[in-house]
Every structure is written in structure tokens, then in C-alpha cells.
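After this come two complexes, each holding chain A, first together with chain B and then together with chain C.
Then we have the complex of A and B:
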């Protein structure tokens, strides 16, 4: 009998405590981000697909020397690049750099191994495509378009 | 409405009834839209989400768009259902929801009709909803629907008892079943909530259970029974249940306001015979917001807890309350 009445008071008190908690939450600011319209700042460590970065001294050019170190080191074999020798140009000229992003595991070995530091991670995170081929990126075209 | 108009083509009384019915339907649909929006908006804010934001300013037109969508949807009738009952159930649920609006006194001169037995009329009409829910659950040929319907019936039958017992306490004081008479008995700020707060709490808890609201929303328990008795309904069938649910909430809160919170009484307003309906609606919506607040605060009770709460707490307390009221009145 004592428990019966005690439960009314403890239970009633807990109900009021609960209602006060939700009331407090009602007047606190909204925490969700309206995604397509608002975006949170990206972490500087974010790894998007790799891109060729431009030379700081000569911003019209990328820094790749077509040494194929990245192609050789890649554990998933997702890099396909080619260079050719041209008249009057020192070293090799990059003519093709294709990245199969469907296989890439973003391990970063290519970025680490690159002798002229020509590769870096992009900040792209909205990859959309209708076919597998949409994720075969042409990094050379990207760096030239991006001028 | 008491002024005599020269209406050559229609008797005055008929005009009055037609006007009252139009008002009732406007209130039913308007309340469903406002409550639907408030529920979703407040649900968001309680969980620190923005709620509907896309259609109109802060999603204010969301319910209008939802209505268009529901009207446009096909009314799917599953195989092996009882087709007649299946189509009838939403209508049986919704139609009685309009009738109590006729006797609810919104303001001294805004009342469709004052019955001497207005309170009994409302209780009788509202009880039809249980039948509609049982029909809906039975005819759907779906185990979730049937479980939800069975739970609803058990719950409604159990909670009707404390509700009626607390009503009796009020009736003992007022000596009338007329809703207008009950409101007038509380004039001058002598609201019954100040004299019998326990009865108010019991009545409010019982109405939460009667209208199948959380934490007593076992009949539709979305996490266990998908949507309970309305699982199989689509399009307008679903939206009739939806509107009926909000209308029953409105009626339950109106009854609470009339019985315990002094109905239309409040600080005087110009043309108070009509405009004091503002006080009535303010009180009703305060209670409806409390219902939403409760829904987003408390977890759903288990079925044994539900019945224990009714039979072990609400019924004994309302019986004792009735006895005390009777003794106090006799002294």
C-alpha cells in the first residue's frame, strides 16, 4: 500500500521532469543542416579522388613527369598513364592520365610516391553517374579544363 | 443568430442548421490542417530538426500539398478483404466526428444547438469511432490491422470508465448535462479545475487514451504494428482516418475545456457574445499542444501497464473522487 502511493509521486515527478527536458529542447536551436543549400566545412584531411595539381611557379602547367611511379605502386591497378617524347621538350610529356575511381581505395600511395609531388587529393564528394564509365576520370583533361 | 431575419424562401431554423453544419465542417477540416502542420513542426522542433520547410514559408503549405497528393492517390483494396466493410470503415470513423460540433458551445451565441443531454450526445457519438476502428481492422485481412483494432477496443472500453466517473463528479455539481449549462456554472472564473484538479488530470489522461494518443498509442504503434488498423488504407481512406483522429482530439480537448477550464470564459472582449470563442479556441489549442508535447516526451506504455494504470489508479481515484464530491455537496 505504501508502494502504491509512493509510485504516484515518484512517477508523477518523473513525468514532469521528462516534460521539462523536452520543453527545453523545443527552444534550443535546430542542429540539422539543410544539405543542398547549406554545407558544412570539409575537413582538410578529406580524401576525394586524386587530381593533378598545377605548378606553383608556372600555373598553366601540371607537374607530372610521366615517370609511371604511381601506376606501378597502385595496389588496385586503377591508374593508366602514358607519356611521349617530343621534339624540343625536355623530359616526357604526359599524354594520358586515366584514373578508374571504381577501383581506387584512396590509399594515397600514389600521392606519397610521386617524385615531383604532382598528385593530391581533391575535395570532391558528390560523385554522381549513370554508368561505370562515368567514374573513369581523365585527370589530364581535368587539369587542362580547370585553367 | 437570434435576430429575426425575413427569409421568404427558407425557414430560419433550417438556415441556422445549414450554417452550423458548414461551420462544423470548416472547423473539422481547418483543425486537421492546423494540427497536422503543428504536429509535424513541433515534432521536428522537439527533436531539434526544422520540420517541414520546403512548401511555402516554413513549410506552411505542406498539408495542402499532402491533401492534393492523398486525393489523387488510388484507393487500393487488398485481396480477400471484406470489400463493403473496408470501404465503409473510414466513413463510419469520420462522419460521427462532425456531429459533436453541433452541440459544442464555442461562445454564448455560437452554438449549433443546446441539447439538455449534450454531454451524453457527444459521448455516445464519439463511441462509434471504436466500432469503425474494429471494422477497419477486421476487414483489412491483415494481422497488424486486427491486432491494432483489438487493442483499441480493449483500451477504449477500459478508459471510458474513469472518464465517465470524473464526468459524473462535474455533473453532480452542475446538475445538468447541457454543455452551455456546465460552462455557465463556471462563470466568473470559478473553473472546476481549481476545485477538482485530480478529476482534471484523470479526465485528461483518459482522453489521451480514448483518442489513441501517445503514450497510449498502442492501436497504431508504428514501431510494432506499422500503422495498426489503418495499415492497409491508402489515399482518402487513410486521410479520413487521419482527419477523424485530429477531430476526436479536438472534441476531447473541447470537452476538457468545457468541463474544467470554463469554456468561453476569459477577459471580456468587444462583441463578447461571439468573439469570446477566441478564448475557447485558445484553451483548446493549448491542450492540443500539450498533447503533442506529451507525445514527443514519453515512450509508449506496454499493454499490461496501460490496463494497470487504468484499473489500479484511474478507476479507484475517480471513484473516491466521486464519493468525496457527493459528500461535499451533501454537507
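Then we have the complex of A and C:
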């Protein structure tokens, strides 16, 4: 009988202690963010989908030399690029760079292997689309649009 | 007129899952019930099978790096660590000392976030909603720290053979130290809010008890095993990386019930914080990436590498044949063994206690199916 009341007492006390903790939480600053209206600052090292970056010396151009290292090393085979030889231009000219983002796992292998460091991660994290094809990004068009 | 009970028709089958919040993934458990009592639980696996081992055998070894994170999404960095560890051991490469420290620091942060998520969802499974909000607040801090250095929040692909992708900076060290003191200040609160709660205690004390003998029979590892009093932790039993240099305890309990597994995990949080502190103090300078041949071929032979994941012993076994594609890859995951205990452990148990049991086993289904 004594044990029974002791249990009720300790049990009741533990519940009150718990309630006090939740009550105290009411007066602490809010930690949640009202997402679509408010956004948290994104880390500068965040990995979004890959993009072609511009040459610092010649800002009108990207650095890609169409060596296809990224295409070969990609674990998910999500890169499709092509280059062609043009008269009067040294090296290959990139004519197509498509990234199938539905397959990409953002491992960063392409960025690491790229000999001229032509690739980088973007900061895009909101991807919306109605079909798979919406996520087949044309990186060459993106870098040219960006001029 | 005979009742259904007399005819023996009172037993019925209840499907728990494949989509059930308390199974934490696509696990189906076929429950043969008698009223509220579970007479025969049978787990059905394979809903999330993606043939990770076969994928490893059919492509060059670097292509498996992102896969490692997809097996156990809660301890992706520890899975990364195991994979680069086994390749390094087979190819005879050594990571730089700084890289080994960074691996330990990020692995321990990963372990902490896994334990915090487990703490929240265990209590959530038992019907208390509040603690998960607090644990997620803490967990968010870890994810922010890890995002800053690895670039992602859950499925990290951070470690490479010979080192890590990006070196950590002073900001990372400072934020981690801040986090350590924050987490220390939160633990008494969890102690009062969760451990001391009478309802919580009644739900998990003396539930799902098993002895060391049964644990050995099923090959249990991790906090579940340590809850029966066996201090088996890979970080001590088969030390890897730079773990021998740190001073930490292996928490054990003796009762072997859900409460024991709970207490072991909560005390492990403190031990992980201790390892983090020491690792940050001892962090050596130097490069974070060793010189590794560009086209690394796996030599013929076997290598085995075991790491301690938050759920137990994780072993990678890799066989090379001289090419760059592994000949055979076998992954021993802790959750698979821990789950095989379920039919014997939960026979004759109340349905609500089964949820508590599964919660305390801390199952991650994609790693079982892999």
C-alpha cells in the first residue's frame, strides 16, 4: 500500500517536472522558420547541382575543354557532353553539356576530376518540375544565359 | 453454439507495415495475433532492396562511394569511413593523420545525430510528441555543422581513399566546440523529461528482456548487446582509425531490456562528446588528403574492415582481382542481425510493447535491405 502511494507520488512528480520543462520552452526564442516566407542562410559550401563556371580571365567564356573526364568518372552516368573541332579555334569547343539531375547523387566526383576546374556546385536547392525532363539540365545554356 | 475461441479461430493475422510509422521504413511484420497479444511476429524484408553489393561488383570501386551513404542514411559518414577503410587496407594506402582525425570527428558527429534522432522517435513511437522537437533542435545544429564541411545534410559523400574531400577550418572547430557545450547543457533536461517520466519508464522497463546468450546466438552488436552487459564495441575490440588515442568508456547495462538499450545510447552521447573534445584538442596540422595514384587498381586478395556504426558492428569485406572493379563485396550490417531477434523476443508480447521493442532496436530498414 505504501509502495502504491510512493509510486503515485514519484510518478506525479515526474509528470510535473516534464510539464515545467515544456512550459519553460514557451519563453525561449523560436527556433523554427516559416519556410516559404523566411529562408535560412545557405552554407557557402552547399552542394546543389553542378554548373559550368566562367573563366576569371575571360569572363565571357566557360572553362570546359570537352575532355569528357566527368562523363567517364560519373558513377551514375548522368552527364552527356559533346565537343567539336572548329576551324580557327584551338582545342575542342563544347556544343552540348546535359546533366540528368534525376540520376545525380551529388557525390562531387566530376568537380574533383575536372582538369581545368570548369565545374562547381550551384546553390539551388528548390527543384520543381512536372516531368523527368524538367530535371535534364542544359549546363551550357545555363552558363550562356547567365552572361 | 461454439464460440470462435473454442474453434481455435480467435487467432488473426495483422500486417504491420510495409508503410507503418513505427517501422521507420518499408519493413513489413506479419503478426499472428491473439487479441492484443502478438503470438508470432515474422519480419518480411526486401522492399527496399537495391542490390548495393552487386552494384559494387559491377563498376569501378570509386563509383561505390555515393552508394555507401544510401544504405544507412542516419550514419552515412560511418558507412563512408568503412568503405574507404577497406579499400585503403586492400590497396595498402594510408590516410594522412589529419584526415584520420577529421574522419573520427565527423563520424562522431554523425553518431550523435543518429542517437538524437533515435531518442526522439523512440519516444514518439511510445506516444510522446514533445521530446522529438527538442532532439531535432539539437540535431539541426549538427546537420548545419556537417553541411558546412561536407556540402550535404544527410547522404554525405565526404571521405575519399587517402583522406577527405574538404579540410575543416577554424570555424568548424569553433562551432563544434560550441555544440559540445550546448549538448552537455541539454542532457540533464532529457534526463528529467524522458528518462524520469513515469509513463515512459512503465512502457520500456522489463520489456523485451533477453540475455547475453541469446544475443550471441543472433549475433547482436551495438547498444542492444551492450545493454546485456557485454562491453563489445569495435572502437575498443578491434580499434580502427585513431580511436586508440582517445580516452572513453564503453557504457553497459545489465538488464538487457529496452530500458538498458535506452540508457546505453543516452550515455553513449556523452562518450561521443568526450571523443569529439579530445579529437579537436589533438587535431594535427598537415594535408587532409594523401597522395593516391590516379588510377588505383585493387590488388588481388581480401580485406576486411569493421567500424562501429550507431547500430552496431558494420563490416565491409572486399575481394580484389587486380582490376579496378571489386571481385566480391560483402557488407555485414548491424540492423539485420538485430532484427532477426524480433520473432523470438516478441513472442507473447502486447502489440504496443512490440513497437517499443522495435524502437529500442533502432532499425534502419534501407541498411537491412540494401
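One rule holds in what follows: the second predicted complex is superposed on the first by the 124 of 147 C-alpha atoms of A that agree within 3 Å, B and C clash if a C-alpha of one lies under 4 Å from a C-alpha of the other, contacts with A are read in each partner's own complex, and residues count from 1 in each chain.
The rule is short, and it goes like this: contacts are C-beta pairs under 8 Å (C-beta built on N, C-alpha and C of every residue); 3 or more make two chains touch, one makes a residue touch a chain.
A quick note: this is a predicted structure, and the numbers were derived from the prediction, not measured.
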item	value
Partner chain in contact with A:75 - chain B first, chain C second, else both or neither	second
Touching partner for A:112 - first (chain B), second (chain C), both, neither	second
Which superposed partner A:126 touches (first chain B, second chain C, both, neither)	neither
Partner with the higher number of touched chain A residues, chain C or chain B	C
Contacts of A:10 with chain B and chain C, given as first, second, both or neither	second
Which of chain B and chain C A:23 touches, first, second, both or neither	first
Chain B versus chain C as contact partner of A:31, first or second or both or neither	both
Overlapping contact positions on chain A, where the chain C interface meets the chain B interface	15, 18, 21-22, 25, 31
Parts of chain A lying in touch with chain B, wherever the complex brings them together	4, 8, 15, 18-19, 21-23, 25-26, 28-32, 34
Of chain A, residues touching chain C in the complex	7, 10-12, 14-15, 17-18, 21-22, 25, 31, 43, 45-47, 73, 75-76, 105-109, 112, 121
Touching residues (chain side chain B, partner chain A) in the complex	42, 44-50, 53, 293-294, 296-298, 312-313
Contact set on chain C toward chain A in their complex	59, 62-67, 70, 130, 134, 137, 140, 144, 147-152, 155, 157, 165-166, 189, 192-193, 196-199
